[in-house]
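To start, the structure under review is shown below, and the notes come after it.
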Amino acid sequence: MSLNSFGHLFRVTTWGESHGPALGATVDGCPPGVPVTEAQIQPWLDRRRPGQSKATTQRKEPDAVEILSGTFEGVSTGTPIQLMIRNTDQRSKDYGEIAEKFRPGHADITYWQKYGIRDYRGGGRSSARETAARVAAGGVARLALAELAPGLEISGYMVQMGEKKIDRARFDAGEIARNDFWCPDPVMAQDWAEYLDWLRKDDHNSVGAVIEVVAKAVPPGLGAPVYGKLDTDLAAAMMSINAVKGVEIGEGMAAAALTGRDNADEIFMGPGGPQYSSNHAGGILGGISTGQEVVVRFAVKPTSSILTPRRTITRTGEETEIVTKGRHDPCVGIRAVPVGEAMMACVLLDHILLNRGQTGSAPGETRGRIGE
Amino acid sequence: MSLNSFGHLFRVTTWGESHGPALGATVDGCPPGVPVTEAQIQPWLDRRRPGQSKATTQRKEPDAVEILSGTFEGVSTGTPIQLMIRNTDQRSKDYGEIAEKFRPGHADITYWQKYGIRDYRGGGRSSARETAARVAAGGVARLALAELAPGLEISGYMVQMGEKKIDRARFDAGEIARNDFWCPDPVMAQDWAEYLDWLRKDDHNSVGAVIEVVAKAVPPGLGAPVYGKLDTDLAAAMMSINAVKGVEIGEGMAAAALTGRDNADEIFMGPGGPQYSSNHAGGILGGISTGQEVVVRFAVKPTSSILTPRRTITRTGEETEIVTKGRHDPCVGIRAVPVGEAMMACVLLDHILLNRGQTGSAPGETRGRIGE
Amino acid sequence: MSLNSFGHLFRVTTWGESHGPALGATVDGCPPGVPVTEAQIQPWLDRRRPGQSKATTQRKEPDAVEILSGTFEGVSTGTPIQLMIRNTDQRSKDYGEIAEKFRPGHADITYWQKYGIRDYRGGGRSSARETAARVAAGGVARLALAELAPGLEISGYMVQMGEKKIDRARFDAGEIARNDFWCPDPVMAQDWAEYLDWLRKDDHNSVGAVIEVVAKAVPPGLGAPVYGKLDTDLAAAMMSINAVKGVEIGEGMAAAALTGRDNADEIFMGPGGPQYSSNHAGGILGGISTGQEVVVRFAVKPTSSILTPRRTITRTGEETEIVTKGRHDPCVGIRAVPVGEAMMACVLLDHILLNRGQTGSAPGETRGRIGE
Amino acid sequence: MSLNSFGHLFRVTTWGESHGPALGATVDGCPPGVPVTEAQIQPWLDRRRPGQSKATTQRKEPDAVEILSGTFEGVSTGTPIQLMIRNTDQRSKDYGEIAEKFRPGHADITYWQKYGIRDYRGGGRSSARETAARVAAGGVARLALAELAPGLEISGYMVQMGEKKIDRARFDAGEIARNDFWCPDPVMAQDWAEYLDWLRKDDHNSVGAVIEVVAKAVPPGLGAPVYGKLDTDLAAAMMSINAVKGVEIGEGMAAAALTGRDNADEIFMGPGGPQYSSNHAGGILGGISTGQEVVVRFAVKPTSSILTPRRTITRTGEETEIVTKGRHDPCVGIRAVPVGEAMMACVLLDHILLNRGQTGSAPGETRGRIGE
């Protein structure tokens, strides 16, 4: 019952602080026989890596992943895979003031209260650097998915920054990798770029975001009611990411405004099995995947580390102000995109293994056939 | 790793189908010495019970809870508490058509595909009747909370039905128990009553809802980063409830639209410790409770069981239409209110025990003191 | 992390006290599509049932199992199976003295110290009646094994009572069901009968025993190093049975006296794969089954509930004597035989599911082939 | 449900292979505020380290532990502690023959069968090198125990090598650290030295052993019936150690030969609470510690890696012979002593945290008082 672990059969335990010597993930339960090498995982880390554009923190971390165990001659052996990422650019001096003051909206105060000790350097364990370990683990999950569910594709992107939402009519999947924001709307990408520039330089402020992660060609039958539902595990996975305050499946919160008539995804018979008139459900019914696209969205709050002074208290209870001078992302949501994808990969792989364990169905098979 | 269990130290396993002989919850890890009797738990079940007004399904179930183990002379012994609720009003004939057809937007098709067998009577395991077991378990959790964290209060209510949202300016806590909708806004309660009447009788339709659950006097220090965060566990708990499609903590999805300056809950020194200028965070920072109110919202989709015909397929793959004639709730969100409260109670108790286990702090104590 | 649960994917949670209204097992993770009926499980309970001979307690319990959930038309659905057994013959008056005094060698004192409350009637949760729930769960496991690993057979028997060990030269599997002791040695069975009669009637005493449980045709590849080893889980399963003080795999404690040359099970090539010259390992190497017989032994201590007075203290700390008058087994080891078999069944099924989940191998398949 | 993890609240996940770059343990759930430094853990590793005498393998490993996370300024923060040990002396050439042949009595064949791939270098994951990670984790557990249960002492020693048992009349605790065998009997230590020398050099053989681990001043009330019993968890912990084939608590297997009259540990009232006339139970009743010494023994089989040829098969199914030339311990039981101690430390700490979580009792406190 490690509280720094997630997953059932594919189980990931992350460890490490922002300014310690290293951080990483212990990945247990990977199927044997999967090609897993550092070179295959590194690209996912590179996508999340800070310091790549002015839109994200200027901290320079190579985030080079080292595999310390669990593979042999480039292939997984079924034993735990240790993924280690060294911290190299720890300018601790930036964080001096934070040792005594609590940043509003930050884990500083709660870690102190709970534990009576905290590694204040860069947020310690509460730093978004922890998500690098998730991305590494997600890289392993993707490699296993490539073997077990070859057509399955996971794609994350930003659909909202502050009050600015993308126009779904302009959605262009090819655009996502072309801008600094994983934005599928080229017009909005430009708008966001200007907004963020102003926000950072002139307004000394930060802003929230909404990320959407979609998985295509998800096998039907994944998810184990009622407390291991696919949507339950996705909600937990996304909510565990730093700064996330809301999670939606399919219609999400907007489902409240719909009627049953409008919300029903009607069913037809297609060549490869059931087809649906729509996907309000986000690909999950009763906690089990339908075979449609699995659609998850989550909201990331604006970082509390800003250059604008905020009122707070010190550890000794004195009232004061704080300005966070370190190198921080004006929109942490941007870097949450690869993290959300990684969590999706881990959850889907885990449920493929679970489903295979209980029902004996290989990915894409189902015990109950329709039309036979 | 039971997939029908939730919680870490206070661990609840539910079992049972809609139309089997009984359903219930196996509650493990309750602290010893807590007064726990059927009479104390029954009122919570009565609140969730169907057949109480025309706003909910007309199925008549007494939902009488029986304690089969884990107490002695009315007090918990620390051993598993078995809570059983018999099913009495199972008119299976209502469900004949569903044996062959899949209701759109319902778990029928996914259970069939995954398991190759399903108890189609009333939805079987996927029925909302499962939530009665949660409410019973939540009753035990509340009794333990009354001992361990005496001031803690949990209150759930509906804030939106369809597109109709309450006016927070009219919020009246006393009103919640006075109407059929757990609505804190008396004007909106009247509006909803008329709307639901029309929806059910004339429109043969159903509608979604948003429920908010608030816990007051939550001890600071609850939650165990990074995968046992308090908000992570709350998100999982709420998303596991039938028909829930979105979960929010504090500002929730709206946090995306805020800037860091606006979203920061500034900190002051009050007589009893830190005070905050606002509660955008919903009482949780870095996954750990601050001592502020913990605020969770979740969206319940409209039920797919409606009298309006919807297109679907049969088990043999033929296209057809379906009309669900059974006794169904036009707004299942109403009965989700006590369920959300129960989940909140279970999660908070669990984290009180976890925090006490790891840090040694009794509820309300913290290892890190401020201003001393 | 229920502490009243065992198993990973096939997970059993037991509940109930000796003198409460009922006890049972919540079985989660059973594969769907397995024929499971009360009539099929009852015979296993009948084997464990007390009151069948003068060798065991005279308490009369029908131990009739009721399935409350998880099956539909006699077949498992993949949802939790609730197995309930009512207590009917609770002569609580027998246990009056125990309310105030602690029986030496019994859980009375530790339950009191730990929890500050105990159900003293018949030992409450610490009673061997709890094992009826294990046998019921084991019955479900056997039904699933019959589907998944058809040739697999589990057989338990007693090999030692007090200082009297069976003569393995006289081992006759057919004899096991013919006597009251599950004794495979007909000569020793007669000897034990006379000894136990004297022990109970004249000596007012009780005695320990050693039980051996063997599983044949166990698929190779079961067990998940290094903390989910097959032998680790078997050791935990057996040690969790009431009164068990030692567990052995294969040679067990005697392995200490062997040299590497003698202990090596040499390997040959047989028609169906590897064959071994011997089975010192008890069918498990490195925590993984070899395909040989899995052999487990465990020692059951003599019950502390005897008619001979023993010195003890009361709850108020006064020194006194105690004589346990209730209906107790002079050799609780006898009734542990079906319990040991049940635990073996649960552990093997669990590891078949786990192995299928991680490696994708159906029972009897292995990813690594030899001689191909 | 990581299968490379053990423990409930104090949860240890080990990772790494014999000849990979490193191995280690991810320790989650350590209480905050515990002084934990590399210098404090290293001595425990030094005790287990190979190459220290001719009695153990000549592989030279410094086994230097590095703490990569979870501490700040030398004190635990409550976040995961990563303990890494680099492998430095990996003479892989020694292991060439093992790539194609399976050593009898070794995990070679089962890893191959299960996973279809194995890191044959030095046994990979099945190597006893994995136990270094346990010892490091046990070092952390000891530091936490020093804070939480200051008087608690854990001591392991060998009581049997081959057929040669110590004479308990000569038991001298001070002797344990003075010889190469953790032997408390100075006469037997000399006998073993000569025997082992002969066994290794002349007989080209290996031999088994029995280790006893005793914990003194264990608080009463530890252990959570019925599947988290203290003895259940100890049995699993010890059985998970490489080459262990049997585990005993208190009287162990010998309990079978006792009568109830002889086995009863009679209870008296002492100045500090209950006192017992004897300790047949090994300090555990009903799965809960009594406050007496907790006594565990386990048998370690002789290593299968010997210079004497044994018959076996190759991966292609050909029959052959094997001689294991590498650097191996003639009595692996010797190095299992510190490992058994480490497992005891981890289990006791875990149960102190669990007991505190559920019952609220600090170590040494109990909810039920006697004589008050």
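Descriptive notes on the structure:
The chains carry the letters A, B, C and D, assigned in the order they are written, with residues numbered from 1 in each.
As a working rule, a residue touches a chain if its C-beta (ideal position, glycine included) is under 8 Å from a C-beta of that chain, and two chains touch if they have at least 3 such contacts.
Remember, it's a predicted structure, so these values are computed and weren't measured experimentally.
Identification of common neighbours of chain A and chain C yields B, D. A centroid comparison over C-alpha atoms places C as the chain most distant from chain A.
The geometric centre of chain B is 38 Å away from that of chain C, both derived from CA atoms. Once the centre of each chain is set as its mean CA position, chain B and chain D turn out to be 45 Å apart. If you average the CA atoms of chain C and of chain D, the two centres end up 26 Å from each other. Among the residues of chain C, those in touch with two or more other chains are 1-5, 8-9, 14, 29, 32-33, 78-79, 114-118, 125, 225, 354, 359, 367.
Chain A meets chain C in the complex at residues 1, 9, 29, 31-33, 78-79, 148, 225, 353-354, 356-360, 362, 367.
Residues 1-5, 8-9, 11, 13-17, 20-24, 26, 28-29, 32-33, 66, 68-70, 72, 75-82, 84, 114-119, 124-125 of chain A are the ones touching chain D in the complex. Those residues of chain C that touch chain D in the shared complex are 1-6, 8, 14, 102, 104-118, 125-126, 130, 160-163, 199, 203, 205-210, 220-221, 223-229, 231-236, 238-240, 244-261, 263-269, 274, 276-277, 280-282, 284-290, 297, 299-306, 308, 310-313, 315-319, 333, 354-355, 359, 361, 366-372.
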